[in-house]
Amino acid sequence: DGKSLKMQSPSGDFSFQMGGRIEADFAHYNQDRQKLGDGTDMRRARLYAQGTLYRDWDWKFEYEFADNSTSSTNSKGITDAYLRYKGFAPLLITAGNFKQPFGLEQMMSAHNLTFTERALSQTFVPGRGIGIGVQGSGAHWSLAGAAAGERPEGDVAAEGDEGWNLSARGTFAPFVDPGRVLHFGASAWRHEPQDSGNALRWRSKPESNVTGVFLVDTGQLTGVDDFLASAAEAAGVWGPLSLQAEYMRANLTRAKARDASFDGWYAQASWFLTGETRPYKVADGIFDRVTPKASVGLGGWGAWEVAARLSDVDLTDAGIVGGQQRDLTLALNWYLAPNLRLMLDYVRVLELDRPGNLADDDEPSSLTGRLHVDF
Amino acid sequence: DGKSLKMQSPSGDFSFQMGGRIEADFAHYNQDRQKLGDGTDMRRARLYAQGTLYRDWDWKFEYEFADNSTSSTNSKGITDAYLRYKGFAPLLITAGNFKQPFGLEQMMSAHNLTFTERALSQTFVPGRGIGIGVQGSGAHWSLAGAAAGERPEGDVAAEGDEGWNLSARGTFAPFVDPGRVLHFGASAWRHEPQDSGNALRWRSKPESNVTGVFLVDTGQLTGVDDFLASAAEAAGVWGPLSLQAEYMRANLTRAKARDASFDGWYAQASWFLTGETRPYKVADGIFDRVTPKASVGLGGWGAWEVAARLSDVDLTDAGIVGGQQRDLTLALNWYLAPNLRLMLDYVRVLELDRPGNLADDDEPSSLTGRLHVDF
Amino acid sequence: DGKSLKMQSPSGDFSFQMGGRIEADFAHYNQDRQKLGDGTDMRRARLYAQGTLYRDWDWKFEYEFADNSTSSTNSKGITDAYLRYKGFAPLLITAGNFKQPFGLEQMMSAHNLTFTERALSQTFVPGRGIGIGVQGSGAHWSLAGAAAGERPEGDVAAEGDEGWNLSARGTFAPFVDPGRVLHFGASAWRHEPQDSGNALRWRSKPESNVTGVFLVDTGQLTGVDDFLASAAEAAGVWGPLSLQAEYMRANLTRAKARDASFDGWYAQASWFLTGETRPYKVADGIFDRVTPKASVGLGGWGAWEVAARLSDVDLTDAGIVGGQQRDLTLALNWYLAPNLRLMLDYVRVLELDRPGNLADDDEPSSLTGRLHVDF
């Protein structure tokens, strides 16, 4: 499809492919109590190489060149670096650095998300780690599990042991026809911190990444023995209409303080004015790339989509005042071609309770534009 | 041409190309008052990928892997990361991170520069930024304009707004025949700092990059409301002879101090002993890559060029004592092949006035060698 | 062979090739006196591009994306970035950033090493630098020499001159038949520090890289005028059996303190249970990649190898108490395919003498696993 460079041996046993993406952001903030910082940002700038060796072995290496040091789950560094054995397909075994299975938005590529940023509840997902994963799927379901240490850049106290992670996600989709999808999913993630402070801080930006401000933030929590995060998801597609919602929760066990629990959720609806529908990929239990009926430059005007999202996160419990935030997002997306997209998001903070903090009652709004190209 | 890897779809609507460059430097300093630090350096080490999508969309992603943290306009990070629409050609619309139009040397690739480093006046150019640009050209002219924020690594004070930039450049070339070129150009750049300290420091290295010393330097200037930089350029080619000169100026408006203005210029001449001539690219208003008449390894001795440059910068005004410096540079270039070059520059600081600073009257000279290969 | 992407012009005068490698580690430490930090690590994650220009010019650019900031000879940054002229082959001239010739293990790619980490004596090798090298070879010998400054990331005191290096290595192999190799080699490396503190610290990790602890460490030595390192190597292959040993030594001259000398050595044996033999590359005087007789996925079970190593380093002399350490390593390697390997190393610190330091008498053991894929 000309989308990226791909070379294949005649037998198909060997292949080599390269590609990447560029996402450039612009944001203007209608500030309330704190400065948020208008400006521009390179949100993602990635190159990848991937291929197949000896028919049964897939590998992938991807690097994020954009430096978003203030972003919680995304920063300069190795993203994917793994080897996958598919000799027992549909059972796949993956080893290396990869995304731990948890949640719907998290498992989807940013290529295919409806909004420029994932919802406030994104703070509860495990991200990537070095470890081993297993996944399988059927005609209507998928199941994935992983055991992992920390990312290559894991923030481990000097020579302490790394934290360990166990995570799993299952999905079930009674209908998987184009234009008629119903999807349910559940995930769990258990983390033992060991000597690592990693993953023991929950915080969210106001669903716009140019600013470096996290309006809600628990700070780094100490004395946490372990925690269990869980998530439930449901989504449906009826022609151009798509509905999607997730609920996530984290329960902490602490030796010298009360146990605490945080949660968050979002619910969103989107409509393709030009009649496209979101495709579904049952093997991974996620939504896939939208292809406009008529791309710009090939005689058409691309695909146009409007969307709205309500999202919420509550990081206040048991004496920890991380804050509770609720946002409304309105979005307009123009898909010029399958891999070219212009996005515009208006986010309004509806409510922010964080007593004693500068951010308490801070209710800014933002306008974020994005240029997305992947190749 | 074997220069880099390029794949194209049969229709030409899609393409994918990869390449890069390596520039390794060696420098010896004949020091005067300050240590400059003999040594070696990787000046540039870049890889890029670029391509065409759906006929009308060009994209490019390039990364600089060499870490010249002390260099003013060049350091590790994303260089080009943009999408360009050419459906209205010769009108081109570019969005992403790219070079803002300003000046002749600045708009030329380092592949094609006569000396190892741009002249002292290089401190007045805007560099790259994230924004939108438009350019057009005719048989004898080019015009380009851009509005941009800051680079991905922009140095913005904590959550302050980014500075904004408007820049434009026009060129006119009454003669554009091979071996007979006359070129004129003018540029302007307006910068509003907002909360950013970026671009509010003017400084120059002594036209050799291995050292980390900037002999002239205004330091970081505070309280600048905005500034306007302007530049004029003229160049001509008569067979193997090439003449080129630029003048640049920056005018600062300051709320609580006197307005200031700095300027700089250079004039250079080069002669190809082996008879080559510098090619001109009218659409961008720049000089292009020199191809030796007979490359080494293909039966020839490559192209040999001698050159001289006089350059000057004055960063002292209105109570700011950045210094005034004048340099003479003599160069010998050996083009082994179109993309293989050995360069040798002798730079003599003729004059340096910076009262009260260690660098006052410092008049060192340097010998800088470079190996250049691009692929 | 499908191993990587390679494009060639019909004449063979031009080529372009891309590839890379991923090495993911896991380690568990049976700690004694100090915490060593169990966990996971991305040991190497490299991409390279290389090619040929105008028949006689080879270039290579490789970057290490894995961030092992605590590792002594390996960290994020440019590895190879050079241009090589082969018009006088077998005499090769190399300029740019490349490995300075010294030692057997050091000159071998990590692809082809028997253990996950090089031996304790690895602290005596020069690593990479920017400079010029010459090498030649015959049917039974190789000879290489280089003059170089420091790596692009060289740790030079502010604007001091870089340290300079001269190194050379010669090898002689009376037998070079497959399955019957006898190899001898000798190396020397002279370093003048100038104003640089680089290379004036000797230290070793306990042959497992996940930990950041160096059990032996001289600290940064000041007042060193220059030093001379030398090495002797011997190796032999008899069918599936391979023996290999190296001895290295560094002699320091110090202006205001007694001269000092450190040394180290290792001896190792390996046996291929499945009958493979280590191939030898006489032009570089190193061992090459092992190809399993029957790869996994192509009807076989790959190659299996067991190995043992005794290694020693002594960094205590003339009032410097860097410590003396002796390790025993047992290894099991599974070569699934020529470029896919699983490795498991058990390392036992047999002896550690470092009076007055926390590490004195620290005798931990470690279990390190590695997944290796190169493409």
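Think of it as A, B and C in the order they're written, each chain with its own count starting at 1.
Heads up, the rule we're going with is that contacts are C-beta pairs under 8 Å (C-beta built on N, C-alpha and C of every residue); 3 or more make two chains touch, one makes a residue touch a chain.
Note that the structure is predicted; figures quoted are calculated from it, not measured.
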| item | value |
| --- | --- |
| Required minimum of steps from chain A to chain C, each step between chains that touch | 1 |
| Turn needed to bring chain B onto chain C - CA fit, degrees, nearest 5 | 120 |
| Chain copies touching (chain A, chain B) - same or different residues, decided at half shared | different |
| Distance between chain centroids, defined by C-alpha means - chain A, chain B (Å) | 39 |
| For chain B, residues contacting two or more additional chains | 18 |
| Residue ranges of chain B touching chain C (in the complex, touch as defined) | 2-5, 18, 20, 22, 24, 26, 34-42, 45, 47, 65-67, 211-213, 295-298, 336-337, 339-340, 371, 373, 375 |
| Of all residues in chain A, those that touch chain C in their complex | 7, 9, 13-16, 18, 49, 51, 53-57, 59, 61, 63, 77-78, 81-83, 87, 95-97, 129-131, 148-150, 152-154, 156, 158-162, 194-195 |
